[in-house]
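Chain nomenclature is as follows: A, B, C and D, assigned in order of appearance, with residue numbering initiated at 1 for each chain independently.
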Amino acid sequence: MSREIRAGLVQIDEYGPWTVSPEPRRETDLQSLQASLFADFAAFIGERDGYAFYGRFDNMYAVANEATPDDFRRFQRRVRTRYPVTVSVGLGAASTPAAALGVASERLQAAGGAQDGGRSEAMAVGDAPESGDTGSVTVAHFDVVDVTGEHTDRRNAVDVTLSIRRATLALATHLRSEHGGLAHFVGGDNVIAVCPDLDPAAYETAVDHVATETGIELQVGIGRGATAHAAGDAAKHALERCRETGTRIHGADRVPADH
Amino acid sequence: MSREIRAGLVQIDEYGPWTVSPEPRRETDLQSLQASLFADFAAFIGERDGYAFYGRFDNMYAVANEATPDDFRRFQRRVRTRYPVTVSVGLGAASTPAAALGVASERLQAAGGAQDGGRSEAMAVGDAPESGDTGSVTVAHFDVVDVTGEHTDRRNAVDVTLSIRRATLALATHLRSEHGGLAHFVGGDNVIAVCPDLDPAAYETAVDHVATETGIELQVGIGRGATAHAAGDAAKHALERCRETGTRIHGADRVPADH
Amino acid sequence: MSREIRAGLVQIDEYGPWTVSPEPRRETDLQSLQASLFADFAAFIGERDGYAFYGRFDNMYAVANEATPDDFRRFQRRVRTRYPVTVSVGLGAASTPAAALGVASERLQAAGGAQDGGRSEAMAVGDAPESGDTGSVTVAHFDVVDVTGEHTDRRNAVDVTLSIRRATLALATHLRSEHGGLAHFVGGDNVIAVCPDLDPAAYETAVDHVATETGIELQVGIGRGATAHAAGDAAKHALERCRETGTRIHGADRVPADH
Amino acid sequence: MSREIRAGLVQIDEYGPWTVSPEPRRETDLQSLQASLFADFAAFIGERDGYAFYGRFDNMYAVANEATPDDFRRFQRRVRTRYPVTVSVGLGAASTPAAALGVASERLQAAGGAQDGGRSEAMAVGDAPESGDTGSVTVAHFDVVDVTGEHTDRRNAVDVTLSIRRATLALATHLRSEHGGLAHFVGGDNVIAVCPDLDPAAYETAVDHVATETGIELQVGIGRGATAHAAGDAAKHALERCRETGTRIHGADRVPADH
């Protein structure tokens, strides 16, 4: 009776070849393209109360229990009319976010390779697309304790970025291998993880692991809800409680009104 | 006789507090905001033939020998009129990109903290702003050998991302500590490093280091030019030669026409 | 028994004063801001199968039977987090689009003036917000017969624009005064009108009126549907039939599948 | 000894056919595309201290004395990498803005038709591209006297828009036919005209003409400078003086510092 998490993988079709044909394209134009595409994707997924992550930019993810295949077809249509590229989509559901993206990855791979000229705007949903009720989602929102005082306002920006990346990678690797969680950097000193239902000790272990491996001290607010947005919003409020009280790990103690 | 590299650090003013006031803002809106701001920054720096990196999104970098303080003031003005936030800027020059960003960081910190309510749109250029000729720039453009066949088309997208992040971090840490280089993930399987003038063996060592640490095999094209764009464009062409010939490290063998 | 059309008016709060404080802002930045805001609004309304019009840019409209007050609150929230301005919204329903926007205008005016410092993010929906079933919507999609051959490829672009504006104004004035319709320029040589249910002779009269007043010959496809998108899509297909067959006025002869 | 004005015409290649192939594209996506393209164009021209106008969206204009053919080639390259369409460009210079756009139009037409499948990214600069010094530019910035009190806060938004469009069209037609000026709606109640050097009585005549034809009372600030931005900024300050003093026509009485 697995609680199901639904995830989507959006992959630009034949992007690598396109970036160098007929000549390598200007890097800043590509950066601008990728960032704009993700900005649109985040807005699109936000409309459905999901969470979006930029991944590798040419492979972006969403955890979006409310988003249907038709919704993703709308996104494909929108990209086709707004960008010089098209996107294929794989959707999957499983008991963990990483497993759900694994299903999505396999389906998309079965529909054709990322640089396969014959694949365009694939919608890989499997034989029996998921339907019916989904379980609730847990979101853990991490940030670095006193990042401004200890890092941003004192160190070379290059080194601060490397430290945060190191902490992110340690955390993401740990949560993925131990719990099938999906953790992603979301800007500043923030890392958001979508997780299965874990007990608080698991987060304590994760935070300790990151401190030991990288010397970076994290705090985390945890929320749960029917959608990634609802869970994440509760997590943000819980993280505010960490900041106010100095506790490192705080669960949601209220269900915030939707906004 | 130092060849000077000029770098800019752009930091959103009081961003952390803003993201949670009066309540935590919707995550997907923040993701969309940050990505749009970087899309504009990349376009802006691209206009000046520099290279832009998203850093932590609230702290973005540019290597842009041609960009003047007045150019960055234009960017500040543009942000103020297009976004709900403002940005401060630190500029620095030094013989390596990391050192130049270190100077920029110090100047910006001296102008006020990132969450200091009294700092808004600071332009921290030091007492004697850099002027006159700059040296040339080296750009090394790395990617993963056969990323599509070995990774994208075979593995869970979550794990591919983690692998690429691991390789990026190993490379960036190595280049930063050994050579004062600035390496940054730029999407897909691409990492771009702005470096001082190094001999080819240094790149070979870096690539070997990454393979040993992470199991990821990189190839690299290297270019040199008066601007990051010129150097980077040469590097892209050199990387194409790697792809065609199977060599792992390729220097620019031609100066591409500007485009 | 009135078939109800629902319309929304989105107005930037205190925009005029903001554009000149503390000094007049750079015109191209304002142009860029307004166009981006409309691009987002169009995408937002498109998500709800409505049609959006840029109006005066600081006052934008939508005909969107499916959009609820909560949807527009989402748009307000999104603007607040993505732009340096906020927006107020008036919603109205009536038997014609112009009357619906009249109701929306009155409600918004009652909530405070456009330059009233005390009004921010008003949501003016009246005492008893509209609910329940709405009627169907009629969209008429006009363009200029052989615009490329007769105008774009032969005349000064300035004069072509003036001609099309003249035709648009004549059409919009006629449809508004005669039928309570809302006609708006949508780019190129296209004008889209949202109308109550009219018989074909009314469109013939409108097209003749424009030809007499301005010398510009229009053709029009007409569609009907539960949403502006469905009606407009049918109208686009009907307009294609005009182009193929040389008829000036063509009603929808099929209900297109949603896409 | 003509003072030369330089203008650019940017035209989307084969846009009409693209919007309906293979099926008519969703209207709100097209609206969003066009608005984004103009937002980028305005930013691009703003970088060069010019003024940009959306024209018909698929045909956009700029008055940009500082922009070179190479600059416009950069814009073409940027569009190609960011959008699903490409653009062709015609450039012209003449003693009036309308005449300059006439030259640009003819050159572009000579390079191929707007729906000619064989034309892609044309750069139509003529045999001897303009070079050397340009004259100064005059910008007249008009708005409606007490638009908020008389119109926005009192009338149906549909009718306010129609009134402003009517005033814009009357003004633009007059300035074009009498003086070769280029007037364009820029949002709200603002119309910007780029004009040759006229004496104040000409503006008084124009304002009277609009009042007689449409009942709309305009005021205008006039500025002059080496670039459209410099002239337009002076015009904005002059218009502020109209608002403060109640005069209807005000010339620039100071040269604003660049910002």
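Assume a contact is a pair of C-beta atoms (placed from the backbone, for glycine too) under 8 Å apart; a residue touches a chain by one contact, two chains touch by 3 or more.
A quick note: this is a predicted structure, and the numbers were derived from the prediction, not measured.
When the interfaces B-D and B-C are ranked by C-beta pairs in contact, the top one is B-C.
Of all chains, B has its CA centroid at the greatest distance from the CA centroid of chain C. With centres defined as mean CA coordinates, chain B is found 22 Å away from chain A.
Between the Cα centres of chain B and chain C there is a gap of 42 Å. Taking the mean of the C-alpha atoms as each chain's centre, chain B and chain D sit 36 Å apart.
The multi-chain contact residues of chain D, meaning those touching 2 or more other chains, are 26, 29-30, 32-33, 36, 40, 43, 46, 77-78, 259.
Within the complex formed with chain C, the residues of chain A that make contact are 40, 43, 46-47, 74, 77-78, 259. Looking at the complex, you find that chain D touches chain C at residues 9, 11, 15-16, 19-20, 23-24, 26-36, 38-40, 42-43, 45-46, 50-52, 54-59, 61, 98, 101-102, 104-105, 109, 113-115, 148, 152-162, 164-166, 168-169, 172-173, 176, 182, 186-189, 192, 229, 232-233, 236-237, 239-240, 256, 259.
Contact residues on chain B toward chain C in their complex (touch as defined above): 25-26, 29-30, 32-33, 36, 77-78, 80-84.
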